[in-house]
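Next come two complexes built around subunit A: one with subunit B, the other with subunit C.
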Partner chain A sequence: MPLDFRRFNGPEDSVSYKIYTKDYLKTYDEQLKDLYDENGKRKDGRELNEARSMCMFCMFARTDMVSQAKGSAYVELRKTKVVCSVFDPREIPHQNEFRQLGQLYCEVKFAPFSCPRKRRPYVPDVEEKALSVALRQALEPAVCRHFFPNYQIDVLIYILEHDGSCLAAAINAAGLALANAAVPMFDIITSCSVAVIGNKMFIDPTEIEEHIAKNSTEVNHGIITMSVLSQLKQISDFTQIGSMDVECVTKVMEVLLKECEIIVPNIQRILVVDVVKNFELKKHLEAETKKREEILKKKMDEWRSLLNGQ
Partner chain B sequence: MAGLLLSSTEKVFIVHGVQEDFRSDGRSNIDYRPMELETDVVSHASGSARLRLANTDILVGIKTEIDTPKPDKPDMGKIEFFVDCSANATPEFEGRGGENLASSISNTMQRAYHSSQAFDLKQLCIVEGKQCWKLYVDILILECGGNLFDAVSLATKAALFNTRIPLVKALLMDGGNVDLQLSDDPYDFKFLDVGSAPLLVTLCKIGEKCVVDPSAEEESCSVISLIVGITGNSKSYCADKGASNLSDVDIKCSTISMNGPGSLAPKTLKNAIHQGIIAAKVLDDSLGQALLRERRENINSMKSSYGFLK
Partner chain C sequence: MSEVYKLIHPVKHFNDYISIKTRLDGRNFDEHRNIKLNVNSIKTADASAVVKCGNTTVVCGIKLELAVPKAEEPDLGFLITNVELPALCSSKYRPGPPSDYAQVINNIVSEIIKNSKCIDLKDLCIVPDKLAWVVYCDMVCIDHDGSLVDACIIALIASFKTLLLPSVNYDTETEEIKVETNERINLKIHGLPVATSFAVYEHFQSHIILLTDPTNYEEEMCGGNGSNLIISYNKGLLCGIQKLGGGSLSTENNEEAIRLAEQHTIAVEKVINACLEGKGTNK
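Let's turn to the complex of A and B:
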């Protein structure tokens, strides 16, 4: 693991204290039973097919989070918290050839305190680099890249707390931030993920559900994340890890298409609120400007009359 | 993919050909180009394979080392993939140019081999919680002729089939420490069970249809390709006569990802996955037959090795 020698790092052979707790010794079956109770409700009270974006107080999203960025967004899916900033187009560093289409530079970073199992180092590790590539893969078809040839737009994601569905939250946040930054786009982009353990489908999984799905030994297990351009009905990114047969993959794809469509009205509402707010601000500023111009004109007339009167 | 310049007329020619299921080199949309495979080409590696798929040349070397297992997976070994795009393949890979492609290939391979149903890491365990085998799979891309993912996964599976793990002769438990004594006899080893190891199939969307095994020219005509990792059928890799009595294991998707700046309609995605599964089945069978034939020739000392001479 490459260390950043400009900062203090913990001793290299230190491990998380959690491996010495009772929870750690639970067998796979006990962990699985923990995930949902007899009524089919999950640990956090949701149904198996309930996404965090739908229940009240579960999904919160706003734009204009970072004042220094051209556009920004903050998405909170209960405990998962993601900030995204988008900056103005700038020249592509270290580049010689001319490119007809603009580039998207995506970077996903976990805060060191964000993950429940271990501390994240400051240097981007393999998982963060893979998430950055997946984010770029999802956003590229949505952005009108022919409007900024030979330039690159920076999309920077910072994950403050990781409780599952990080990539989905990041893609939703990036879509909002790009719209907030007035980057021309073809469509609204939404994303959702599903964890499959055996014959159960957990929509919008939490971190524990994701961990069990990835390491399960059942016949069908794994995680699928999908992002969709809603009006154009195009899938911009589809990633699957685990082991599933084709019927399972097809079933999950249908479910995800529906889930991604459900999120769209929320996104639209937030964007409309953002645009209305900006218009009102503009009107307010114009009214203020007019008032000041009136006062200035009066003063100018006064002085003019004084000068002429002299 | 690597600095190819095609005129728009050439691209139209390729697209029209694909619509008629007749590609520029006479293949149909689901045909692979002829391949040459040879294992055991590197004497210092525990296993190696070299694959030539038309103009694509891949060399895989596998090194085995003894390591301590992860605390949360005490009975499982480890496997790690490293891809090196050598500057031989194209001048674009000089220095750090090939890094993005290399990390994308190694991430996809790591995801494909993650599930225990794809590659059982329990066979790499020596002493539970204390010692396990770690496989370093080093993939060297010597020449780029399109369809890197497929070639890499084929060569990796062949190299893993060829890998020899030394047998443990004696074990000394001294308090908490374990002292291993491995056999000195070069013929005293065990082979790995890699029948279910996944093969990646790249489906390139050109126009309305998807083609399997795109050449470099065809890749530059496409904006989106789908990479499906399909687990293998252990039956094809079993030399016993009684293998035909083994039940056919259902093939599973162990990883799905998209590559490219475009997007896919849901129906195209579904059809492409089915097409990929058909291609993977045939590929897996032929690879199994070729590897078993090579192993038989090796045992009877009839194998003539060419290495890099042919």
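Let's turn to the complex of A and C:
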């Protein structure tokens, strides 16, 4: 890891102990066989075409995670854990020209302990920068940027545990956090990803499946992430890593469109719960204020009568 | 209405609460916030803990690596703690390299752990001069609402208590290393260091008030440098007192603070032990 003199550094030659374990030396075929058993079920018990957002215990999302941020969200796709916070619009630093549309500053960061294979460095590496750019491309069509010209909104993502589908989870979390922060948006944005290895399609891949898809030598291999604005029926972003032929890509796109639609009711439910909670809180506070004002008024009347009586 | 008042007259707003001997969230001056603790939630880390002190949330993850010990200390392993304050925890921090405050907190936490001697680096050495464990502890703050050091230390100690070191076989002739992830040994921890943060408020130029476990708003009202006084205890022995700004303390205030810190250590110990009992032995 490059030396960062603002933090404490370990010895430069430290290596992860995992390279000395027995399962590190498995061949590609062994690892591929490991992924799914004879019944076609994957390692974590799902079907090949079952996304983690489907079952109730697999996807968990909530807003209001960070009390210090204007809007925030936390999304958990079984093991992948992502926190997002959104802050108020602020002036764009280091800029001279006037921009008609507001900017979105997106930053994706991995926690140092989030990846199973090695420890992540603190300095943003290429993968984090690529994810930040992809996130920004996905969110820009969804946000009404003409409402905050010449300002920028910070969307900050922190990935606590990486078990595949990080970009998809990040886009879902960012969409929720933006809605929680009352940033005007055109539609709810949802996202899903697929890993392709040969003729098999793994929907919502885990980290091992993604790793094998990236390093596979088959004809069709790779990962596709797609984010969709469901009501407007528009695809806001499409990212592909790897090589696939055209039929494979079109098949995957159809599957992804359906999957992204399925997530929408969950997101809507969470946002409605959020709004209802805020309304109840407001009602409760107003009732309390009324009570206190009445007590104060009574006291004021008492004193006034005392004063006048004197 | 009170939010407008808070913005326009921040000092008067704060003073009004202090004058009637209460704080904004209704606590007494010496009351702590509730602590919620969970361990082993992050499976990619070798040990992890999540702590919530009120709104302040800190996630600690430990990653183990192997390295050759330093030439001048051949029988000592490495313990590297780092506190990270990403931009998402508060609007005070911008994305980029760690701010000055983050580096200060980093230093404070590292000093507390070193001075408390809770981990003996000799336990981390596998073969002297050849192989030793490097324990990377990363504490990430997800939500910064005051008392950062308290939460970091609780998360760190909870993860230490659940850390299991895999057994390593080192062949001295072939210099071959084999790691067995199924056989694990517990890391030996001496004591249980706990830190308590205070904010020191000067009420009307003479009267000093100690606010235990301050929130972000209270820390800002008392100087804006974070908690003013941090006292760390390890099983009845003081392992660190840091004072950063805020009002000046008399000797009585000092003694009172030390007494409150001792009480707090007992409470935190109960929380950590209760959490670990619930989890039992774990992988």
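Assume the second predicted complex is superposed on the first by the 307 of 310 C-alpha atoms of A that agree within 3 Å, B and C clash if a C-alpha of one lies under 4 Å from a C-alpha of the other, contacts with A are read in each partner's own complex, and residues count from 1 in each chain.
Methods note: a residue touches a chain if its C-beta (ideal position, glycine included) is under 8 Å from a C-beta of that chain, and two chains touch if they have at least 3 such contacts.
Worth saying up front: this structure is predicted, and the values here are computed from it rather than measured.
K.L.:
Quick one: on subunit A, after the overlay, do subunit B and subunit C clash, or do they fit? Just give me the call.
P.N.:
Overlaying the two complexes on subunit A (C-alpha atoms) leaves subunit C and subunit B fitting together cleanly.
K.L.:
Should A:Tyr158 be classified as contacting the first partner (subunit B), the second (subunit C), both, or neither?
P.N.:
It touches subunit C, and subunit B stays clear.
K.L.:
Taking the superposition on A as described, I'd like to know which of subunit B and subunit C A:Val15 touches: first, second, both or neither.
P.N.:
both
K.L.:
Touch check for A:Thr250: first (subunit B), second (subunit C), both, or neither?
P.N.:
first
K.L.:
State whether A:Gln234 touches subunit B only (first), subunit C only (second), both chains, or neither.
P.N.:
first
K.L.:
Give me, in Å and rounded to a whole number, the least C-alpha distance separating subunit B from subunit C in the superposition.
P.N.:
Across the overlay, subunit B reaches subunit C at a minimum of 12 Å between C-alpha atoms.
K.L.:
Overlap of the subunit B and subunit C footprints on subunit A, residue-wise?
P.N.:
Common interface on subunit A, subunit B vs subunit C: 15.
K.L.:
Which residues of subunit B touch subunit A in the complex?
P.N.:
Its residues touching subunit A are 71-73, 100, 103-104, 107, 110-111, 114-118, 226, 231, 250-266, 269-270, 273-274, 277.
K.L.:
Report the residues of subunit C in contact with subunit A in the complex, numbered from low to high.
P.N.:
My answer: residues 1, 42-45, 48, 55, 57, 59, 61-68, 70, 78, 80-82, 84, 86-91, 95, 97-98, 103, 106, 110, 134, 136, 138, 140, 142-145, 166, 168, 177-181, 216.
K.L.:
Quick one: which bits of subunit A touch subunit C in the complex? Just the residue numbers, please.
P.N.:
Interface residues on the subunit A side: 4, 6-11, 13-18, 20-21, 65-69, 72, 79, 81, 83-85, 87-88, 105, 107, 109, 111-116, 119, 122, 154, 156-158, 160-163, 289.
K.L.:
Please output the residues of subunit A touching subunit B within their complex, sorted ascending.
P.N.:
Per the touch definition, subunit A meets subunit B at residues 15, 19, 24, 101, 126, 129-130, 133-134, 137, 140-141, 145, 214-215, 217, 219-222, 224, 229, 232-246, 249-250, 253, 257.
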